[in-house]
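Both of the next two complexes hold chain A, though its partner changes from chain B to chain C.
Presenting the complex of A and B:
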């Protein structure tokens, strides 16, 4: 990893996303099911199956069920639900919450929407009556999984870790990576290599790329 | 759906392995700005219609487009800002002279930013440590000795040492050189630091 590149971190687990964070932008691109509470004229082109047709100005009719990205749902939502109302995605509903509480380690959180915790935390903005249960579920799921992530990241040295991270969501993968970095730095120090000046990773990567450019 | 092109820009940066700078996507940016212009104009006309024609039912549509405008703006600003963070890292890891391959990846304005950043850093470094200044981009790892053993990884040519003598840096040759002269070359991958 580049040592001097300090990207903007995700704020999704807190009250608000970070405006400049690439991770948060990707997270808020994920979709959730909504219901329109009023007709939306002239936007029918985007939702062809729902469009009411040319006579009604190509409107999206009231009461349509759509999948909108989080950023759009957040922007159009207000507590009087004048434009749309939001449904919880399945994995944050009671059924899946029970599965998580039974055994959080078994679930493939990467498949469930790779930003499980971030997306779930931002979902709380929509004032669902289940908010308290959702936040508890997010917290307990993480607590249940954390031990394994910490253990595996601190003990997998110089090996292929793809099996270990396959079922982790993005936030957990970040944690795993941090753990690995700590492990590698410590091993490097133990071997006495901590004072060895090295070519930066950035440089090494650019060199590799140059060769492929020449082959084209 | 709107903002697809903007998301492409974000994904492009996100895909580049930690810290690497992909080529500046001028075309992509231009398309995002065009989409923003179109959205803005459509909203302008709908707002006028809503005000003068009493079409308050257009308000959700106007909000929709406005959200898309804000999203496009966010993606654009985040794209440009993240690139600057990567360019800044280049000064610290590569040095003040960038290889041509990298320079072609930067927009003219980004190059200008890099030069300004270099200048600010240099001014700051000169202000430290009394008359001589202090090069804080050196000694990133704690030094253990004044002189170090290095091996040359590729042909570099003549290299002048402080007392005037010069050393020929040929591939695989080994030398015992002052640390402060070699650090840059090691970071650039020309030399390799050998621990005894």
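Presenting the complex of A and C:
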């Protein structure tokens, strides 16, 4: 049962995202509230409600609040902070952090931003003074939810798992799938399917193709 | 190596694959291994349930052996169904212990754990999930150290 192609895994949890990873691309597209420190000429055409008007060449004035995707905010952010200053989204702030530390299992992480852990880890690049607390909170939330993910993924064989997975964020869903795969492989072995030869998915279509060749 | 000659009626030791093959061709009768006995397995199962750590198993391949022998030669093994249930109980107990141990390992963020007397089958069943979870945890942990400023390109 080997895969036909290997996906590039997400690097979002680590120091830098992987350029080619689809998960990272999706994650990076999430929006981040941001405040401009300098005026941006001619960008007012995109943000009509914030622009200073046609006279000043449609500039976005200094100090206006925008919502930019993460990849754009990361690119524009600079240590000397000339262009942007980033505000932390609510779920990474003090209030929600206490909620997470109280009971991590109750929270619906999918609603909070389906890429909670990845986005949070990349947020640390913006040098906020709360970085240490954010990373600690991410870690503790993960540890708290680990047990439930493990139990639910290893025991739900051949059932509809959508109710179990609904509150997990993307990274946790990946973990859940690994657990399910382990379970399925074990059951496969028990049933004896492991020693039967089955046609690979790549080869199953060959017969169909031959048909069309003959018709031509 | 060389095997045989086989004289009918005399017990002989052969590799498992050959034994299964001969049995499928109906040329032999299999004798159950010494540990595959109801009282012995019951004692082992109760011992496993009492202990918090893993107890030594009769053979590092007990799951595979049980499955093969019970599938092909259940007529040669007395009380095959009970044996199947007992072995499954032992397996469930061990897997549950493994999960508890993994959970406490993650909770206390320990760096090193030693588990004795685990067979390969158990390791493979829960291994992938555990290693992936620990990978994620490691990455989240290294975020705790302040990120060194990345070398961005200067235009």
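Just so it is clear, the second predicted complex is superposed on the first by the 196 of 216 C-alpha atoms of A that agree within 3 Å, B and C clash if a C-alpha of one lies under 4 Å from a C-alpha of the other, contacts with A are read in each partner's own complex, and residues count from 1 in each chain.
Methods note: contacts are C-beta pairs under 8 Å (C-beta built on N, C-alpha and C of every residue); 3 or more make two chains touch, one makes a residue touch a chain.
These numbers come from a predicted model, not from an experiment.
K.L.:
Tell me the contact category for A:13 with respect to chain B and chain C: first, second, both or neither.
P.N.:
The second partner, chain C, only.
K.L.:
In the superposed model, which partner reaches more residues of chain A, chain B or chain C?
P.N.:
With both complexes superposed on chain A, more residues of chain A are touched by B.
K.L.:
Contacts for A:150 in the overlay, against chain B (first) and chain C (second): which applies, first, second, both or neither?
P.N.:
After superposing on A, A:150 lies in contact with chain C but is clear of chain B.
K.L.:
Which partner chains sit in contact with A:5 here, chain B, chain C, both or neither? Use first/second/both/neither.
P.N.:
first
K.L.:
Regarding the shared-chain residue A:142, is it in contact with chain B (first), chain C (second), both, or neither?
P.N.:
In the superposed model, A:142 contacts chain C only, not chain B.
K.L.:
A:194 in the overlay: touching chain B, chain C, both, or neither? Say first, second, both or neither.
P.N.:
It touches chain B, and chain C stays clear.
K.L.:
Let me test your reading of the model: by the given contact rule, A:40 touches which partner, first (chain B), second (chain C), both or neither?
P.N.:
Only chain B; A:40 stays clear of chain C.
K.L.:
With both complexes overlaid on chain A, does A:175 touch chain B (first), chain C (second), both or neither?
P.N.:
Only chain C is touched by A:175; chain B is not.
K.L.:
Give me the intersection of chain A's contacts with chain B and its contacts with chain C, in residue numbers.
P.N.:
Common to the two interfaces on chain A: residues 192.
K.L.:
Touching chain B in the complex: which residues of chain A?
P.N.:
Touch list, chain A to chain B: 1-8, 19-23, 25-26, 29, 38-43, 46, 69, 71-72, 75-76, 82-83, 192-207, 209-210, 213.
K.L.:
Show me the residue ranges of chain B that touch chain A in the complex, using the header's touch definition.
P.N.:
For this pair, the touching residues of chain B are 1, 7, 10-11, 13-14, 17-20, 46, 57-58, 60-61, 63-64, 66-68, 70-71, 74-75, 77-78, 81-82, 85-86, 88-94, 99, 101-102, 140-144, 148, 182-183, 186-189, 192-193, 195.
K.L.:
Mind listing the chain A positions that touch chain C in their complex?
P.N.:
Listed in rising order, the residues of chain A that touch chain C are 13-16, 79, 117, 121, 124-125, 131-132, 135-136, 138-139, 142-143, 146-147, 149-151, 153-154, 171, 174-175, 178-179, 181-183, 186, 190, 192.
K.L.:
Which stretch or stretches of chain C touch chain A in the complex?
P.N.:
Counting only chain C, the residues touching chain A are 67, 71, 99, 102-103, 106-107, 109, 125-129, 132-133, 136-137, 139-144, 146-147, 149-150.
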